[in-house]
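For reference, chains read A, B, C and D in written order, and residue numbers begin at 1 within each chain.
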Amino acid sequence: MIKKIINNPKKVAEEALHGLNLAYQGKTILLSNASAIVKTTIHDQKVALLVGGGSGHEPLFAGFVGTNLADGAVCGNVFAAPSPDQILAATQAVNRGKGVLYLYGNYAGDNMNFDIAAELATAMDIPTKSIRIWDDVASAPLEKIEERRGIAGDLFVIKIAGASASSAANLEELTRITTKARDNIRSMGVAVSPGSIPETGEPTFEIGEDEIEIGMGLHGEPGVAREKMMPANVLVDVMMEHILTDLPFVAGDEVCLLVNNLGATTMMELLIANTRIREILADKEISVYDTLVGSYCTSQEMAGFSISLMKLDNELKKYYDMPADSLALIKR
Amino acid sequence: MAVNSLSLEQVKDLFVFISSHMIESKDMLTHADQAIGDGDHGIGMARGFEAVAEKLDSGDFSSVADIFRSVGFTLLASIGGASGAIFGSFFIGASNGLKDCSKLDSPAFARCLQAGLEMVKIRGKAKVGDKTMVDALEPAAQAAQANKEKSLDEITLLTSQAAESGKENTKNLIATTGKAKTLGERSLGHPDPGAISMSLILRFTHEHIQGLSNEM
Amino acid sequence: MIKKIINNPKKVAEEALHGLNLAYQGKTILLSNASAIVKTTIHDQKVALLVGGGSGHEPLFAGFVGTNLADGAVCGNVFAAPSPDQILAATQAVNRGKGVLYLYGNYAGDNMNFDIAAELATAMDIPTKSIRIWDDVASAPLEKIEERRGIAGDLFVIKIAGASASSAANLEELTRITTKARDNIRSMGVAVSPGSIPETGEPTFEIGEDEIEIGMGLHGEPGVAREKMMPANVLVDVMMEHILTDLPFVAGDEVCLLVNNLGATTMMELLIANTRIREILADKEISVYDTLVGSYCTSQEMAGFSISLMKLDNELKKYYDMPADSLALIKR
Amino acid sequence: MAVNSLSLEQVKDLFVFISSHMIESKDMLTHADQAIGDGDHGIGMARGFEAVAEKLDSGDFSSVADIFRSVGFTLLASIGGASGAIFGSFFIGASNGLKDCSKLDSPAFARCLQAGLEMVKIRGKAKVGDKTMVDALEPAAQAAQANKEKSLDEITLLTSQAAESGKENTKNLIATTGKAKTLGERSLGHPDPGAISMSLILRFTHEHIQGLSNEM
């Protein structure tokens, strides 16, 4: 039984969202079903952005609700997509007559639940579009990109979508820009020790004392290989090879870089990895427009990290540069 | 004595029975999901059937189809994740096979499995061999179709057996959908958690009806 | 041996600082001794703010260098104060003729090394002042406040000092305001599992499977009690009792709240704690002006968290409200 | 045969000897700090004496005092933490007791411990009983003072023994300073890591001189 500082294992998602809403200091409200927060103020006629997914990945998703970011986030139980009625309630709460973009990770549960919600919304005359994030290069070959999982690249998609949603003329325009952001991102994760689900207290996977999983997913899903521990630089080389050759990223490209903590890894390790990442990118003549290092998309207390790159063009850069304000992502 | 049909009240009892046994299966289902998924399947199913038990307790139902639809919407609303959508869709779909039925008899049972299967396939797009609950449900629906002239205890025994062997067969499959997908060959040897749930639901259905039959 | 994603255990502090400097995207430079970063641009005649301490607490200290924050950060090895010559080099790099405020946690090593550096700086005609942060109520009784340790309250002191340093007329004025911020902060931490030092790979302390250390320090120093695990709400009650009665915080006070991750604790747990913290504060009629939740001051992969409160007055609020920009603390 | 003094070159050799043995003591010192501190004392001391060994290898020294001062500044610059300041200050202070000495003899040795102790106290303000390296150093400095007429092998044996028993006595003390402070009674039974280092430095000093004496 893994020790956690909680009250009721069945109520962690709900109690956490409550605490998150309080931390927003009045900038958000918690819906009465206790599974979504939405911005207190959403302007009339604004095209709305709703993000969401299972809980347990905090600060994703609810930490990214705010100015020039998401209008709302709907959160399921730990590692479980929210249900259609939860999504629908959040949809109604954020809709300002211009429709709602659903933005979420590409998992069977999320896909089906958001699809059902979209059907229900349509029946209520709320137009919706859905974009599934599939940045994880470890989860399926490029030919089957629509089978890939969404991991920390979510952050960049939400940043661009949120900025774009503030000025987009309509849902189609927001969808176009967000799709471009999604398509320009590639990520890959590794893990050295598991997380755990509060309700069982059991580790999400088993791994040897000297092993590392290359390509680990956000819920403990396996990746491309399980190997013996290796020096950080060698590991980063492997990860970057997968990421760079996939889009591919080439000389002259300009990228945003996210070195994301999956949970229990020290920031020291992330920074050591960053040193190597920058060596590789410099070597390939890929320039780094901005860098984020920290815990943005976690898998409970899993130890490991992921690297995400988003290739920029002028339009994406414009939206990336817009200020943003939320609990877990702030940009001046 | 053979049971040939269940009244509205008896269908309610059936779901009370299924619910309590699915809740008891929580840890077993979670362990199955730990092996090849994210380890929450039992948690979700137990949460769902707790909500169903509550709903049954408080609800007034106008028809057998209404009970199935309520069970479906309750699962859909309370589980979340893949299984909420799939098992919710199954029962909502199943209710379509029960239109205008005042009782649940074998032909209705066969239509109900078939209609549930169709809804699951519309929602999830999985087919037999993808290592999902469809691998338990589809053979069960076929068995029901082939035996719809038999008594309710017989048809539920045969569907339960078909689901069980379909579930067993998922051990030999490589997952192509859901969170076990990237496991590839590592998913071999482990049954699909959703297939276990589906075969359990059908097994508990049979056990409950068998119990009624013994009482008579 | 605890698994870490590193290259050379002896070089973690150096490689991490290198990666951190790169993540600053040109806004900082790494001094040639590789143990300090300073802002690329520090205005002439600015009163300078230098923070620092041992490494291993990332993002503290070097993650808080930036606009209206610290002008530089000097970083020792893991859990070891920087040496006088490292501090002196950073002092020279940030000084713009108006002197330098040293701001650091109250530990024997930091105190002595910064004192020696101050003596050397004086000999070079660079005026310095020193403020030792001692927010940890668990580490000594109130009568011996100058023996208390500095923990996550550092963040608030740096925020206020950094904002004040941008406009302070002189070193004395900066010292006055920073001292007030320091004196208005109280913190307390707890831990359920240890961190480890990369060079030994061994845990920083031992703790039973069902135990929690109340009052845990930033390097694994013991606190006020070791107890059996308890529900989050009961634990928070204990922590808040220690914190609130110490200053004391009273009805009508307005505070900033920091719920800080000591490393491996999930954000879910921090948020659940936040729910209870807010209940207690509401009950005591203490209002919360702002809330920060996340990893600001860590102890490697220690699992646990701390609560810090800073009591505001109008002057502190003015400085708290100023925008700030750094790697790990951004305020719009 | 008794050794009565060390030449500049021999003092250099002495520090080479001390350095290599302090580096070897790394794990033991770290374990001592794990028990009541933050577990890095051996890491710091080893890093410091590695830097000293390098410095000795490359440096040209004008006097015995110059060697001590260099050792002090090297430790100060390379260790960091409490021990960097304290052991750095000790050797820098010690060099003040060696002004104008062309060699290290027993009276100089006694002055050097005393001057080092004074500098440590100025820097750290700890006194005997606070459970720091002062608990090893102060009795050693007193023993040296009392035996400064004896040969260098004798005085170093006596100071080493005094430091050793001072260090042993730290087991009975409750820490009032540094990271062990909040341990309170839990620090009882464990010796102070810095006191161990101090007594080791004096023990290695004696061992080296004993070795010279045996060679003669």
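Operating definition for what follows: a residue touches a chain if its C-beta (ideal position, glycine included) is under 8 Å from a C-beta of that chain, and two chains touch if they have at least 3 such contacts.
Just so we're clear, the structure is a prediction, and the values are computed from it rather than from any experiment.
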Labels of chains that are neighbours to chain A and to chain B: none
Centroid-based (C-alpha) most distant chain relative to chain B: D
Computed distance of Cα centres, chain D from chain B, in Å: 76
Distance between the centres, which are taken as Cα means, of chain C and chain A, whole angstrom: 28
Centre-to-centre distance between chain D and chain A (centres being mean Cα positions), rounded to whole Å: 55
Chain A, residues touching no fewer than two other chains: 78
For chain B, residues that touch 2 or more chains besides their own: none
Of all residues in chain D, those that touch chain C in their complex: 27, 30, 34, 37-40, 43-44, 47, 76-86, 89, 123-124, 177-183, 186
Of chain A, residues touching chain C in the complex: 1, 3-7, 12-13, 15-20, 22-25, 55-56, 58-59, 63, 67, 78, 190, 192-193, 195, 198, 209-210, 212, 229, 231-233, 235, 259, 261, 263-275, 278, 288-295, 298, 300-301, 303, 305, 323, 325, 327-328, 330-332
Chain A - residues contacting chain B, complex: 10, 54, 76-86, 107-109, 112-113, 115-116, 138-140, 147, 149, 197, 199-200, 202, 204, 215, 217, 219-223
